[in-house]
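Below, each structure is written out as structure tokens.
Each of the two complexes below includes chain A, the first together with chain B, the second together with chain C.
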Partner chain A sequence: MKSFNMPVGPLHVSLEEPMYFRIDVEGEKVAGLEITAGHVHRGIEYLTAKRNIYQNLALIERVCSLCSNSHPEAYCMALETIAGIEVPERAQYLRVFADEIKRVASHMFNVAILAHVVGFESLFMHVMEAREIMQDTKETVFGNRMDLAANIIGGVKYDIDAAQSAYIISQLDRLEPLLLNEIIPVYETNATIQSRTRGIGRITREHCIEYGLMGPVARGAGHGYDVRTAAPYAVYDRMDVEVITYPDGDVWSRAMVRLKEVAASIRLLRQCLRDLPDGATDAGPLPFIPAGEAVTKVEAPRGELVYYVNTDGTDIPARVKWRVPSYMNWDVLHLMMVGEGISDIPLIVNSIDPCISCTER
Partner chain B sequence: MTFLKILWDNLRKGPSTEAFPFGEATTPAGYRGKVTFDAATCVGCNMCEHVCAAGAIRFAEADDGLHFVIWHNTCVSCGLCAYYCPTKAIKLSNDWHLSHLQQDKYTQLDHGVVAYKRCTSCGDKLLPTGSVLTQLAYKGPNPRAERLMDLCPECRRKASTRGEAI
Partner chain C sequence: MTDASTIKDRVMSIARMIRGEFSISENRHGRVTAWITLADKDDLIATCHALKAFDARLSMITALADRNAGFNLLAYHFDIEGSTVTVKVKLVSGASIDSIVPIFRNADWHEREFMEFYDIKCTGRTDNRRLFLDESVDGRVMERLIPLSVISNAASTNMLFERLITDREKQ
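Presenting the complex of A and B:
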């Protein structure tokens, strides 16, 4: 059988993000691959040490678009830990709300792209149209479709009144039946989706532990690790978080975990609105951040996001460092791709939902 | 089969895109768009300049007053300026019509001047204390503070020690 090298990327592998692979191909099958990183390194960690703690809120939010709420949330939590700031309960609920609304939009985007890679464009459009309900909700509640700008040090800078609460519930009432009665059944039963995604890019639970995999990639292989239940932050200890796992560890299982998590997140959004207590949305006047360091973690749509912040008593942080789930998740591509067909490469890349701009920052 | 029904329903519903630019695009009231500035309520604390990640806000002192400039071209509409502004002199409107030609990018500015007042006692210049700030500081009208408001800090201190303001 003839073997040769094939470059894939750095543009338009599946998501419009720059990943570059050199793939050894034997016949139609992948025999090995080399991943080259660094195409979108912008030096953001360095920039955070050149800006004050407030400016960093806007900077860190722009590391990535789909998990843009998780980054400032973890950053604020770290500063609050250093300064010993007590975040009011209402603000904690509002943080959970912002977190979950981003999760819905992020997961729906990924499963829509799956349909696009498969070539099922009408399904792609249908899922993206359903996702638009959530985008409109974000635009109305937060003022922007992607960058919510919800978090500030000591709380949040948005609030939900009774009229907005009713509007959000009406939007959720539109999205939920679309998801449960149309989108999920199509992914569960459609022959095109099934034949392209089942049994492709398989990993096992042991691989998840060995590689330190996170988020839907791990949960799709039966490894039920979720920061929201393993180390609850904000008010997740009071929320009914469902950890969704699928046993097979293939492309389809990862997509199903995301779809079921969208449904679970919608339930969490409703719970947030129902239990939202009265009170302040921030911890009061401008905080003083003493010298210190803290590590915090949150469950971003792609998995565990870890933040380390070191301060020296000024309002410019000495060091901000983060670790994103895609860093571990993209290494397992070595395992997922070998033995699979060339046409499955974009599908497998999309199934780990890689966030290159987070990872290379 | 499931999907054929979805396709049929979508066909019946018609296009779901907005008619813009031939019709109005829906814009929520809380949309974070173009920054507006009200020189009459600004107290010159410079907090908006301090928190602006994009460096879109600049203050400069001149003879006639404090000059405020917002460069819309580099503003990222994060809303931190509006959030941290104590008197809410700076706000985000829901106007998103900010597209412009490349050659116009350095003129996408808004400019405001917080004019200096003259101290009624010595004639020195001072930044006016807006009514919003006094409302914030004293939680209501305060005749004692109002008598001192037209004096510069130096004269204010002297007047206070003389007991004039009590």
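Presenting the complex of A and C:
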């Protein structure tokens, strides 16, 4: 059998973000790969040391667009831990709301791209059109479709009144039946989706532990770690969080976890609106942050996002460091791809929902 | 889910095993946050083995620059069922630390990253290539002062000011 090396990327692998793969191929099967990052490294961690604590909030929200709410949330949580700031209860519910609405939009984007890679363009359009309901909702509530600018140190800077709440519920009432009655059944039963995604790019629960995998990638292989239940933050301890797992660890399972998590997030959004207490939405303007350090973690759409913040009592943080879930997920491509066909490479890459903006911070 | 007191006992058993500083606290959700600062960097591997025995997962490695303290700091953050244990190691500038990849596979990119951005070497590794920046860029960027105008390539800003000055002179 003839062996050769095949360059894939830096562009055109599922998404128009750059990551370079050198694939060793035997016949039409992948025999090995080498991943090269560094095409768009932006030095954002360095830049955090050039801005004050409050300016960094705007910078950090721009690490990534799909999980843009998770970054400032974890950053604020770290500063609140250092300063001993109690976030008002209403603000904590509003943080959960922002988290979950971003999860809906992020997951729907990923499963839509799966349909696009498979060549099922009508499904791609249908999922993206349904996703627009959430995008419109975000634009109406937050004034923006991607970077919500919801978090501030000590709370949030948005609120939901009765009229907005009614509008959001009407939007959820539009999206939920589309998802449950049309979109999920197609992914569950359609022969094209099944034949291209089931049994492809398989990993096991043991691999997840060995590689430190997180999020839907791990939950799609039966490893049910979710920060919202393992290390609850905000008011997740009061929410009915469903940790959704699938046992098979293939491309299809990862997609199904995301789809079922969209449905679960819609239920959490309804619960937030139902239980939202009265009260303040923040703990006061521009709090002083003393010297200290803290580690915080949140469940971003792609899994566990960890922040370490070190302050020295000045306005400029001594160190802000974060690790995104994609960081570990790249490594497991070595397992997922070997033995699979060349035509499955974009599907497998998309199935880890890779975030290059996050990786190349 | 293991309760907080069991995780506390486990972490304290590690703290008793090594020389260094130790603190521990528990949040309102019953999750533990522990900080261990090793007196001797050579205790890192034994500490990692002990954490691994308790099913700890490596979450992240943070390097902190030498800010006139005489040493760099490496902070290894671990997760045990939602609780967080951070193990800190002090390193004099240019010193090396043992790789923990044989214990925690996912340490690989973290170690490549701190070797690239800081003046810290890591021994026992096979792949020491840079992760992010091209070889033509000077190393240890996180320890050097790089003016913001250089980072952001302030050409456009200069152009703006030059145009403003030119416009003002015309008036």
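A few comments on the model shown:
Going forward, the second predicted complex is superposed on the first by the 360 of 361 C-alpha atoms of A that agree within 3 Å, B and C clash if a C-alpha of one lies under 4 Å from a C-alpha of the other, contacts with A are read in each partner's own complex, and residues count from 1 in each chain.
The rule we apply is simple: a residue touches a chain if its C-beta (ideal position, glycine included) is under 8 Å from a C-beta of that chain, and two chains touch if they have at least 3 such contacts.
Treat the numbers as computed from the prediction; the structure is a model and nothing was measured.
Model built by superposing both complexes on chain A: chain B and chain C fit together without a clash. When the two structures are aligned on the shared chain, A:Val295 is found in touch with chain C, with no touch to chain B. Contact with chain B, but none with chain C, is seen for A:Leu57 once the two complexes are overlaid on the shared chain. By the touch criterion defined above, A:Ala149 reaches chain B but does not reach chain C. Legend: residue contacts after superposition of the two complexes on their common chain; A:Glu129 is shown touching chain B, with no touch to chain C. Of the two partner chains, neither chain B nor chain C is touched by A:Asp248.
Looking at the shared chain after the overlay, A:Glu176 reaches neither chain B nor chain C.
With chain A as the common frame, chain A serves as the apex of an angle whose CA-centre rays point to chain B and chain C; its value is 90 degrees, to a multiple of 10. Legend: residue contacts after superposition of the two complexes on their common chain; A:Glu89 is shown touching neither chain B nor chain C.
Once chain A of one complex is fitted onto chain A of the other, the partner contacts of A:Val306 are limited to chain C, with no touch recorded for chain B.
Of all C-alpha pairs linking chain B and chain C after the chain A fit, the shortest spans 6 Å. Per the touch definition, chain C reaches chain A in the complex via residues 1, 29, 31, 33, 57-60, 62, 64-65, 67, 75, 77, 79, 81-84, 86, 104-106, 108-110, 130-134, 141-142, 146, 148, 151.
Partner chain A is touched in their complex by these residues of chain B: 2-3, 6-7, 10, 16, 28, 30-32, 50-54, 76-80, 83-84, 92, 94.
Chain A contributes residues 51-52, 54-59, 61-62, 122-123, 126, 129, 132, 139-144, 147, 149, 152, 157, 182, 185-186, 189-190, 286 to its touches with chain B in the complex. By the touch criterion given at the top, residues 37-38, 41, 43, 45-47, 50, 209-212, 227, 230-233, 237, 295, 297, 304, 306, 308, 310, 318-319, 321-323, 327-328, 330-331, 360 of chain A touch chain C in their complex.
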